[in-house]
Amino acid sequence: MSETVQAGDHKASVDGDQPRVGVFVCRCGGNISDIVDVDAVARRLSDVRGVVCATTHQFFCSDPGQALIEQSIKEHNLDRVVVAACSPSLHEITFRRAVARAGLNQYLFEHANIREQVSWVITDKSAATDKAERLVRAAVARTRRLAPLQKRRIHIRPSVLVIGGGVAGLTAARDLAARGIHVTLIESSPFLGGRLAQLHRIFPTGQRARDVVTPLIEEVASNPNIVIHTNAELERASGFIGDFHTVVRIMPRGVSEACTNPQEVIDSCPEETVDGFNLGLAKRKAIYMPYAGCYPPVPAIDWRSCTKCGACFEAAAGKGIDLDEKPREVMIAAGAIVIAAGLNTYAPRHGEYGYGQFQEVVTLAQLNRMLDPTGPTAGKLTVNGRSVRRVGFMHCVGSLQHEGIHKPMRDGRINQYCSRVCCTTTMHAAEEIKDRFPGVQVYDFHEDIRTYGRRHESYYDHVCQQGVAFIRFDPLRPPTVEADTKGEFPLVVKTTDRLTFGEELEVPLDLLVLATGLVARDMSKLVDLYRCSVGADRFLLEVHPKLRPVELAAFGLFLAGSVQGPMDIAESTAAAAAAASKASALIKAGQIELDPFVARVDEHHCSGCKVCLYVCPFTAIERNDSTKTARVNEALCTGCGTCVASCPCNAIQQQGFEDSQVESELMALLAGKPPAEELLAAV
Amino acid sequence: MSVSTRDWRADLKVFRERMGGLSEEKKAWAKAQRQTLKAISDALKQGPMTIPQISAAAHLPSPDVIWHVMAMKRYGKIAEAGQSGDYYLYQLREEA
Amino acid sequence: MTKIKSYYDGLVLGAGIAGMQAALDLAGQGFEVLLVDREPSIGGVMVGLNKVFPTLDCSSCICTPRMAEAAHSERIKLLTYTELIAARKQDQGFAVKLRKKPRYVVEEDCIGCSKCELACNYYTGHDFDCGLGARPAIYIPHGNAIPQVPVLDPDSCMFDGNCARVCPTNCIDFTQQAEEIEVTAGAIIVATGLKLSAMDAKKEYGGHEYPNVMNPLAMERVQSSNGPYGHILRPSDGKIPHSIAYVQCAGSRDKSIGVPYCSRVCCMYALKQAIMIRHQLHDAEVTIYHMDIRAFGKGYEQFYRRAVAEGVKVVKAKVARISEVENQDLNLRVELIDEGGRVADIRHDLVVLSLGTMPGWRPGGALPIEIDEDGFITIPEMATRPANSSVDGIFVAGVATGPKDIPDAIVEAGAAAMEAAMYLDRTRSHEAVPA
Amino acid sequence: MNGNGKLKIGMYWASSCGGCDISLLEIGDKILDLIQIADVAFWPCAADFKYQTVAGYPDGYMDICFFNGGVRNSEQEEVARLLRKKSKLLVAYGTCASDGGIPALANMNSVAEIFDAAYHSNPSIDNPNGIEPRPHVETAVGTLEIPTFYPAVLNLGQIVHADFAIPGCPPQAEDVWEAIGALVSGATPQHNGDRRIGCTSRSVCDECVREKKMTRIAAFRRHHMFRPEPGWCLLEQGAMCLGPATRGGCGALCPQAGMRCEGCYGPAPGATDQGSAMIGAIGGMLEATTEKRAQEMVDEIVDPPGTFYRFSMATGNLKVAQKH
Amino acid sequence: MDENEATFHSGGNGATPWQPRIIGFLCYWCSYTGADNAGTARMKYAPNVDVVKVMCSGRIDPDLIGKAFANGADGVLVLGCHIGDCHYISGNHKTMVRMPLVRRVLEGMGIEPERFRHEWVSAAEGEKFSRLVTEMTEQVRALGPLNWRERLHACGVGHGMDLAPWGEERP
């Protein structure tokens, strides 16, 4: 909720009363007064209607200078102040504070820039003096139209919703909870850990992924400040920074902690289905746990393959199994939201580099499962029961696509972008193959090797030394994969090699690993509920990659990890911590104070034409369908004023930049022309 | 902030001593720079010139010339005066 | 005497973009921060850049609001022109010793009018413009500097007193001396940034030897409208170059020069500078000689393709040698990969060596942290705690942990601030925790 | 009220098409009610009144006088001043009187250009001697005087003070009747602070049933180029519908029929310059994300001043083109 | 004396030669800072552009431009952040659509295109700002005074009542 700060300084005359303006022209130790005749400016201004004092000083920014302003306000009972000095970017705050100290509303102050934009750029003294005078007159004209304003204050509910239970979501939740902030973590699948849990080893440390994810989950699960909902789907959302309300639908798990013999229960299930955790390389039961040590340590029922035969119910002796469990809804109130919804790997099309056509063509993620000693092949490098002798890696599958060469994705767009992690992942996997299976020959088909990160290049370097053969293809003529007709190997990759100056190569292989790229998930619900911006690459789009890299345009929504684009584990972790830092700052402050230069709708003038709704980049304007008028949500408004220029009925005004204020400034600059009042009378 | 009563002239003397005075080397450097600047100014009295033209007129290597010309430009003594082929022309500013 | 408090929750070393962001994020969470930079202005490398990839925003448009925010924050105290002598871990936080170098200008009294700068008549190379531009002995570091306060360089001062004579506030103080400052800091964030690898690391490229073989940061300044020339000109004779070459990996991915790693930003800055050259000099030809184009970040590949579409020539080649020929033009002997390995001699007006990034500062005992063999700060748990150094309580952000582009450095700064905040929560006494 | 206790009303047409006079008759049977309470003191279109008759009235004789059409020549100015004097309430009736209307589009051209089109270069004109009207013509019977042609069309308010304005081209009968009723009863009609009556206090969009789907304009299309989808905002479909920037009161007649609003009720409440208001509004509605595309789309708009100021040139900021 | 009374005569009938009167609408974050940057670098430029500061170029209502011309401006300069640099994400995208339309309307009304200029100036482009100001001033000077208000008077506008749309009562 937003409210205005009560500053208790309402000494300001309203329109109609004659404002009492004080004008203070700074000499700036000669920086201004050497060119601008500041005494003449003050003298001429003292004749202007409403100006009750006009004076100069060597340095108004100095303590005595500020004291003079304060004293004059009291002495002359001023209710408007104009300081003509350097650029407002330097001392506007200084003078606003001085004005406030004298008991006047700080927004009844106007700053005229007669140094950077007058004395330092004009050589002709009389022209400079005239210009300074005009600018000060305009400032006086503007101040006379000013109204006292109050800063906005928005209270922040001290809790955060984290969406996504992968490494980024877990990290953000852990960090926020460590700072004593209440966190609700929701995960759409039945288990935490996300993609990290599926990885085998992570670079550049070579740690086992399981060794990283398990302690992280433990930390999160054991923290009393964190509430976890798995199987949770977003349903509805409302609210804004400080007070978001999100309703999630908790889908039935079918199994509760009361089930004491999960493994027996799983074993009892007669239904087998494709094991998604092992990327289709294995099968699992309809009631399942993805891996030993997963969290929660409670099986879940895959309702698509469950026949409700009741075998599990019997195996558990009825304890903790509910085959008729219903979904339920939970409302989560939060002051801020961290979105860590993660991403997907690119699914190659049927026939793309032989994928789906040959069993010997797998994705890099599948290879990672194969290399995992706890994985479906128990860490053996075999295909169809045969040991692999020659393995090839194909880079950029689903990334760095070119118009006309690659088929577009479902939305008609191709994936132009680089998926960032695949090169190093490939080098890392190649290194592991070389280390663990020294006899295996490794071939690497690439366009560029982008081992950009620190210590990433050393993998590349190392596998070069280990004898991995690198073959560089032309991206506009990608390699082809065929069955090897000579029969010794199942596959052959045909390509030209730029590194050997265009040599035509045929490389027979036992296994071809596709380094598939990373793609955004279908986030339409999320995007819809929180009105997120989406980039051309379908990932969520930050406000600005440098100014606000982990924030969405709407205040209070933060991005953590690969929901924003491809990232490796370290980068996701860093992004999650950065998002946590922003959310934590918001929560710890308890409230935010914002400049009062917000837009306001005059409902009597508003025609409800919705024009303003198109322009606001911060979705701060909504339309009340019953009154058919627009309303500005002050908590979201950033005060750009774009809607003001858009409103065809002039029903929106920006505080501090109202039409009448800007126009009176304009008219004063065009001095000698009709009095502003007359021109504005019709408005 | 207030205007102080500091006696900078006295301080400067102490400062100069503390910094080891004005060495011969430094004097030579300053003199060389004054000469270079003057040579460039003198050359430009003939009218706008490119860097190679100044270099030829002032008998100075062109990297030195461009550096000093740019210094004079930054501090308002020289202004650009259009282009001649692949080079910009420079001229003395009237007020300088 | 510099007036500061005796205790700060966080000490941030380095006020480049990562340090400023870390300081802001830490202050944003309610902590008091001391932000220290050894240079006379905050802003680091970024404030001197022309544009930034892949959005081509103006670098100072992004950097200066951050600088102002850091300077105006009530919870951040800036100490410029100050170096760390040593920090030692103690029961509560760190005992820190700093050295504030003399500016010879009273910061509080200066109004930034630059009259002194204009009154000083002796010029020397300006570091901000990589030596291509001049500055007098007393100078405000640059137009966007914060604080807008000059610094006097005694080495080039002729002791003529001109500066003090024109100063309207009499704020030039020749009596200033280096000052040692001792504070206690609850936690430390190291954001000491980068320096480029040496121009002459590869002798065969003629860096330092030929005036028209340029450093990429110098090229940034040359491309900037407020740079030393105001136009793209070559440093030997002010000629508008028609043919410009970029030599990639001129200071990275080469064990022999001690930089085995990929510097991560060179491909992108070369592409960006090439685009900016094409924007400013429409008929100029820009060729980038490279082995891999590492356009890995968000929007980077698209940027690469845009550069190619805008006419930047990107050529897979190895550059063997650069030699100066008549008119101070440069000859590049290259092996053209896509032309069957043909060796060619190609002449250019100007060559930019895409130098690598190296750590901008080595603690050398000033901080009790471990350093990797390549000079970057050791991060024991790089994948899970990317901002934690080997010492609990000392965190690292930006290029100090390895080469990084600006978005990654900013994100990591946020992570470092979060880690520091958590550490402070863990270690500080409760009453000190702000509400 | 004088004499018989009935109101004295007047109606005058200046630079207008006559549609306004007819629109007053459109109130239908109610005209009889009007006659019950009011005598017509002046209505050149309907009855034979001489200016001298009006000049003979005492000042303020007429209770209400409706003035339609803009002021294009000296006669119209003279009558406007006369009627101001002789009327208690002077009402600018119709868009020409209130905002200049279609005739004010001629403000984009100089008098010479207008005369050239009207008397010379138009193919349907037969004027072999190239005669143009002149204020003074010497003839055998003496000097003939005709009114002076002014360099621009002005609205009534730029000549004399008008108490109220009823916008519309023409004003809608129901609204007119309501406004008359209010004026007759002596009450100040509802006018939203800007003295416009017989219209709503909102824009045409308020009355329009077409829905904005919040899609952005992909390309501007003129009416012959496409068949608008029913129920969907015409502007979003690319028609340059001036609804958002136009005063309501017509019941969104044109958009209802699939035609874009051309802006005949003049500026929307709160605005004085209809064209600027419309340009401001569409600024945020285009799909264009690059400068090039924005420029292309803007270039697709035919005759921007004529489009945006079709009915309100005289109240816009600029009012006349520089040729004058 | 009212603050709006003349101190600067644009008629050019006295001893002072006529000076173009140009209004510059500048966004705060880039262009205004760019103008400050020109000052810090002591770049000299013509004194004829008077700056009206707004937070975003998206706030520059086309109405303000019309009002400026109608009330004595001889030229109008609109400056905003470069596309992509907007402090408010996309405020300048609106400017990018509006200004070409304003230009076409002004052209239709016979105002020379040199009197209206719309450019992007970043915070670092002080040089560009000073160049634009000087260029614009010289262009407008070459065209001479616009005198729109006098023009309107010559057409009879404002003789009877005032410029209010249709006869708002005088205060």
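Annotations for the structure displayed:
We call the chains A, B, C, D and E, going by the order they appear; numbering starts again at 1 in every chain.
One rule holds in what follows: contacts are C-beta pairs under 8 Å (C-beta built on N, C-alpha and C of every residue); 3 or more make two chains touch, one makes a residue touch a chain.
Computed from a prediction, not measured in an experiment: that's the story for all the values here.
Both subunit A and subunit B are touched by C. Located most centrally within the structure is A, per distance between chain CA means and the overall CA mean. Taking C-E and B-C together, the chain pair joined by more C-beta contacts is B-C. The most distant chain from subunit D is B, comparing centres defined as mean Cα coordinates. Remark: subunit A and subunit D have CA centroids separated by 51 Å (rounded to whole angstrom).
Chain centres here are Cα averages; for subunit B and subunit D they lie 69 Å apart. If you average the Cα atoms of subunit A and of subunit E, the two centres end up 38 Å apart.
Our note on geometry: subunit B versus subunit E, Cα centroid distance of 39 Å, whole angstroms.
Residue positions 33, 40, 42, 58, 61-63, 67, 87, 94, 98, 163-165, 168 of subunit E each touch two or more of the other chains. Residue positions 194, 271-272, 277, 280, 283-284 of subunit D each touch two or more of the other chains. Shared contact sites, meaning residues of subunit C that touch two or more other chains, fall at 55, 57, 65, 111, 118, 148, 168-169, 230. In the complex of the two chains, the subunit D residues touching subunit E come out as 71, 77, 92, 97-99, 107-108, 150-152, 154-162, 165, 194-195, 267, 271-273, 275-277, 279-280, 282-284, 286, 288-291, 294-295, 297-299, 301, 303-306, 308-309, 315-324. Partner subunit C is touched in their complex by these residues of subunit A: 28-31, 58-59, 61, 86, 89-90, 93, 171, 175, 178-180, 202-205, 207, 212, 216, 400, 416-418, 420, 448-458, 461, 498-499, 501-502, 535, 537, 539, 544-547, 549-550, 564-565, 568-571, 573-582, 584-585, 588-590.
Across the complex, subunit D is touched by residues 58, 61-63, 65-67, 69-70, 83, 93-98, 100-102, 104-106, 108-112, 146, 148, 151-152, 154-161, 163-169 of subunit E.
Residues 104, 106, 108-109, 111, 118, 122-123, 125, 132-134, 136, 154, 157-159, 161, 164, 168-175, 211, 228-231, 233, 235-240, 242 of subunit C touch subunit B in their complex.
Residues 1-6, 8-9, 11-12, 14-16, 19, 22, 26, 30, 33, 50-52, 55, 62-63, 65-71, 73-76, 80, 86-88 of subunit B touch subunit C in their complex.
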